[in-house]
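The chains carry the letters A, B, C and D, assigned in the order they are written, with residues numbered from 1 in each.
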Amino acid sequence: MRLQIEDVLCTFCGCLCDDIRVEVDGGRIEKVRGACRLGSSKIMGHSRIKSPMIRVNGELREASYEEAYRKAAEILVSAKHPLLYGWASTTCEALKKGILLAEEIGGVVDTTATVCHGPSIIGIEEKGLVGSTLGQIKNRADLIVFWGCNPSEAHPRHTLRYSSNASGRFIPEGRKDRKVLVIDVRETRTARNADRFLRIQPGTDYEMISALRMIIGGKAESLPEDVAGVSRKELVEIAEMMRSAKFGAIFFGLGLTHSRGRYKNVDNALSLVSELNSHTKFVIMAMRGHYNVTGAGQVLAWSSGYPMAVDYARGAPYYNPGETSCCDLLSRRDVDAAMIIASDPASNLPRGCVEALAEMPVIQIDPFENPTTFFADVVIPSAIAGIEAEGTAYRMDGLSLRLRKLVDTEYPSDVEILQAILDNVRRLRDDN
Amino acid sequence: MIIKGGIVYDPANGIFGEEMDICIENGRIAEDAGGEVIDARGLLVMPGGVDAHSHIAGPKLNTGRIMRPDDSRMGTEPRTGVCRPSTGYTVPNCYAIGYRYARLGYTTAFEAATPIIEARHTHEELEEIPIVDKGALTLFGSNWTVMECVRENDMEKLAAYVAWGLRAARGYGVKIVNPGGGEAWGFGSNVKSIHDPVPHFDVTPAQIIRALAEVNERLRLPHSIHLHFNNLGRPGNYTTAIETLELLKDIKPSRMRQVVHVAHMQFSAYGGTGWKDFESKASVIADYFNQTDHATMDLGQIIFGPATTMTADAPLEYANARIGHQKWSNHDIELEESSGVVPWVYMRKMPVNAVQWAIGLELALLTKDPWKVVMTTDHPNGGPFVNYPEIIALLMSREKREEEMKTLHEVVRSRSTLPSIEREIDWSEIVIMTRAAPARILGLEDKGHLGIGADADISIYNIRPDEIDPSKDHAKVKAGMSRAKYTIKGGAVVVRDGEIVAAPQGRTYWVDAAVPERDMDRMLSSLKEKFERYYSIRMSNYMVQDAYLSNPFVVRAGVQPLKEVI
Amino acid sequence: MRTITIKLPQYHGVPVEAERISPDVLSGLSIKEISEIEVWQGNRRLRLSDIFLISGDPDPDRPENTRIVLEGDLSKVKRIGESMSAGVVEIIGDAGMHAGNSMRGGTLEIKGDAGDWLGREMRGGRIIVEGNAGNYAGAGYRGERCGMRGGEIIIKGNAGAFLGEHLCGGTIEVMGDAGDFPGCANQGGTIRIHGHAHLPGAEMVKGSITAGSARVLPSFAYEDIVELGGLTYKKYVGDLVENGKGELYVASGQIGK
Amino acid sequence: MISGRTLAQGAGCEDKMSRLYIDEVSCCYLSEEDYRALGLSDGMNLLLTSPHGSAVLRAGVDKGLPKGMVFIPMGPWANMLTGTDTKGCGMPGFKGVEVEVTPTDEKVLDIRELMLRGR
């Protein structure tokens, strides 16, 4: 029987589009309508890890779920400082279980945010965040600024649903009623569709933002003629574009967080936006990557007080990115085991971290094989959240939405897997 | 379970400090009972505390936590066999909120402001708060649909929307914050008086407030409208307060309760033309409450030291951030609200803060009827709720107030009437202000008292009311109220000797109000268009699902069964 | 003076947290009692002697008369000398993160390199590092408005990024280079960097920074050439984005280059 | 060198063992000017060396790039070149890594060979 499911959530990027139509036939997804290339590729699915596996004499061998849970629990219980990493591509419910597990075993919970918008969060700790929901921008913003981000490739439906090309109450004509400014080091697809593109030198974002703050603050005359290769005149024009908007919105990406300056770039941008509010209305938002990286931060914050990189080793949460964050913990060999869930650090972290993963026991929970599987000692295949399991996810603007279950599966959900590992951990503890 | 020999205060049932036994059966107060006996001989016994206005869950709480790791590192407690770890002082994590309320002897706390579209998040956090019963008020004051119904003077449609909104948010009551201001803030402005039209919507705050009050009564909701005034936090705003209250005088309540509950009155009892001549107008406000019967208030008492201000009054937070050179978070919520979060420190030697401190106490002491005044700090705006024992001690002891005033800026003496107030609140009045009144104001029939059939939510303190004089022994009062000897929640002991011994899941209250089907249909067809054109999510993904309330308690209201939607 | 020697044999495990290694805690204890103080290795609670070899003068004394000598590679031992108010802690080797956290007095000497967060939220006393220091030396905790408020940190090698972030008082001297953003959001205090600094004094409102060379933010205003200790410096004032009155002295450098 | 997301990288990133993903993330994009200056043509490979490591990638053109900058879609190849220093804030330097680029006859490793190289 063919079944059409409306208003499905797309579990790819932080846009968390909730208007996808999916056709299901005989328990299989046959067609995806309305999603972008990234989303439909994910929802349509592909080959899965077939069975749990445990590494024996260097080779992964098939095992039962019970064996895999027990082995995972043994690894975690014997570790002095285990890392529980990932969480951005699964449900909030899974992370809740994960936090309970971390409390129980005295581990570190870190999310992919620390190598993504972690610096943005540290910036927010310095300045706060002047933001809004995406619908507010859709209805009101007559200036959209993309700074160090490329939604055309990373968030393909963003412009249509929420930003430059969307229409809204006070912006009835959509793109015609808005100006789009792109600031980047390279001319991306997004830049080619902008009204104005400002190319800057790599690593000079901070200075650009300081210069714009000077102009907005009425101190343009104190600026040098040239700021890191951009003329003062051009910067004055850009600042004027911002100040004369009725409602401006800056979306920023990893161009700010990955480059020199790290969180200080974001920190400065947050101040720029805060100050623009003395003249007009302005908001700013991080273009979050994984569909639930925002939710992972939310769950951790209400559970521990901190949004990422939380160390439970001593029973109470301790937080300090740079010390308790994944990349640092691995490269310094400060952890002695890792449980990786719904992410692929082997592909996404610098080589030095991957080498550390290779040296320690690794548990992988994921629906799909990926390069992290090469280093895993226990592999536990899971149901795909948002397709085979329900749960909660948070969009990049902090809106929480409920993921639907579209098809049945034989695979256990991340929540069930984590509960089973937790049960095994408790059993091992009781035995000792 | 039987609690034996306590000195019981249950003013709702006319019991003012009598030695008596209390029996508990199946989580409720009963005529008689067997089982465990708790020896409370000579100890102060009262219903569990009820917080009618506190910010304990939702996006703005997490915004506060995320922007304040400096706060989260305060008050850290590792996990125990019973408790999960606690962190934070002004913005505690969810677990700490539950444990700390329970330690104070509180068993119920209501979150004061949630936008409908973000209610799912609020419930996710409420679910994580252990022990206490809870609920969340729903924001309606800058909502496009509300303003359009008001403009069209279509009260039937507005009632349908409010009923639907409460259901969508699994909300408990109608919260109005700086009505119209949240929309104006969408383009960076604000409304300046209750008669200042909201840009693009052609309605005034006065019209919004009055219409929502009328609809609130039409729907016979358990709680009245819950109002955060326009111009809150600004010098001279007491006139806005009185003008707004006058607006609602002739509305007939549909239940035995007030027509309007005023949130954190302290922040709206300001005189002066600016911060330089800032002064208390608490006595004028208290006089107004003494002469009328349609309104109740909670204090919003400030506590010296760190706070985190968080409110749907976004323009106010912008102003706070500028005045205090503080970090500032703002969050505009499409079609519904705006909001902000700003860290704060109240300082004893700061003239404005000293006067603010006095205003809260003046309001409590000058308002004659304790049933009209609920004790709050508007947690964490005026300071964290863990300081309630400090306020209790201040209200009960003039000597303590005098001692405190000596440490404050001297303007506290010239710009408030506090130094001349002799009144010392007694235990019965404290129980009313922290239990009986908030329960009655919220319309929680089984809470705030110890009559047969009431929820067995009880607090027992290591205070012997027959032996101590709160006026002199205020330090003992504060210490005793800070760590309940026992807190009993739904018949189970959750705190013993100030320590958490059990952490059961509390209930979440929400109101399901019925409206005529034709009104609902009419409202939904226009709402659907809003989703098609303006919202950034689909209507079918909007409503909070049942999965987010593991232990719901539904209060029915309205006129006829609500048509099942979605 | 009482000397207590704590040796760390070869160590490769997860980091050890040893905030109790401080004259304030150890001075009044016998060697046996010192052996039994609690340290944490990841999630394991251990006695000091489970990891370290302890020897030294047996008789308890006052903190100001106590010298703790740590030997070995202590780069994985965190929080040494936390909150110390008096006495001497000498680390013959590298020190782990957070050495001298919230220090109030006394002297902390590190003969090797120091990890990140050296002297975080320091209030007083003196820290001398013979080698390099990591990131955030003399800074504050995340989200706090104030870092170091008093005392002195001397780094003979290079310093990492975010040196003296949110500095509110005290002095930091770096003989080599500093990493990115030294002295950002300063509200007071003094930083002297003999080598190069990248974007010093961002958002500073008060205090002073001296650098051998620097890339200077466009939001600093050049004032004049001044002479300090026999050398000439360009004097800038900023950070103007915060209407700051901080002073930045650069021996040679230019705006935006 | 800067690394970042591309459509093809994104579409493949839930299927890391697919040709689509691997082909995309093992490609190094240069400006037209640099591409020509190095005498590159279709199917030629580049050896990239940074202070942190080296890798062989296929060469491609991105017209949006300025001279002197290369772009590699985020993934295992780009990460062979990035360092682990996070400057104390958790984030390694994925963008702005200095690399040396030379044409090479060496072939691009398959993903397993790349990941397990030296093990």
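The rule we apply is simple: contacts are C-beta pairs under 8 Å (C-beta built on N, C-alpha and C of every residue); 3 or more make two chains touch, one makes a residue touch a chain.
Computed from a predicted model, the values in this text were never measured in an experiment.
Trainee: Closest chain to the protein CA centroid?
Mentor: Central chain is A.
Trainee: Between A-C and B-C, which chain pair is linked by the larger number of C-beta contacts?
Mentor: So, comparing the two chain pairs, more contacts are at A-C.
Trainee: Please tell me the distance, in whole Å, between the geometric centres of chain A and chain C computed from their C-alpha atoms.
Mentor: Each chain's C-alpha centroid was found; their separation is 34 Å.
Trainee: Roughly how many whole angstrom separate the Cα centroids of chain B and chain D?
Mentor: A distance of 56 Å separates the two centres.
Trainee: Report the inter-centroid distance (CA atoms only) between chain B and chain C in whole Å.
Mentor: Centres of chain B and chain C (C-alpha means) sit 45 Å apart.
Trainee: Could you tell me the distance, in whole angstrom, between the mean C-alpha positions of chain A and chain B?
Mentor: The answer is 34 Å.
Trainee: Got the chain B residues that touch at least 2 other chains?
Mentor: 67-71, 73, in rising order.
Trainee: Considering chain D alone, which of its residues make contact with at least two other chains?
Mentor: If we look for residues of chain D contacting two or more partner chains, we find 87-89.
Trainee: Show the residues in chain C shared as contacts by 2 or more other chains, in ascending order.
Mentor: Where chain C meets two or more other chains at a single residue, that happens at 116-117, 135-136, 142-143, 180.
Trainee: Residues of chain D touching chain A in their complex?
Mentor: Of all residues in chain D, those touching chain A are 2-7, 10-18, 25, 52-53, 62-66, 69, 71, 74-76, 79-84, 86-96, 111-112, 115-116, 119.
Trainee: Which of the residues in chain A end up touching chain C in this complex?
Mentor: Against chain C, chain A makes touches at 79-81, 105-107, 122, 125-126, 206-207, 210-211, 213-214, 217, 219, 222-224, 226-228, 260-261, 264, 268, 271, 312-314, 319-323, 333-336.
Trainee: Which of the residues in chain C come into contact with chain D in the complex?
Mentor: 116-117, 134-136, 160-162, 179-180
Trainee: Applying the document's contact rule, which stretches of chain D touch chain C when the two form their complex?
Mentor: Against chain C, chain D makes touches at 87-89.
Trainee: So in the complex, which bits of chain C are touching chain A?
Mentor: Within the complex, chain C touches chain A at residues 12-15, 17, 40-44, 76, 97, 116-117, 135-136, 142-143, 180-181, 184-185, 199, 202-203, 217-219, 221, 239-241, 255-256.
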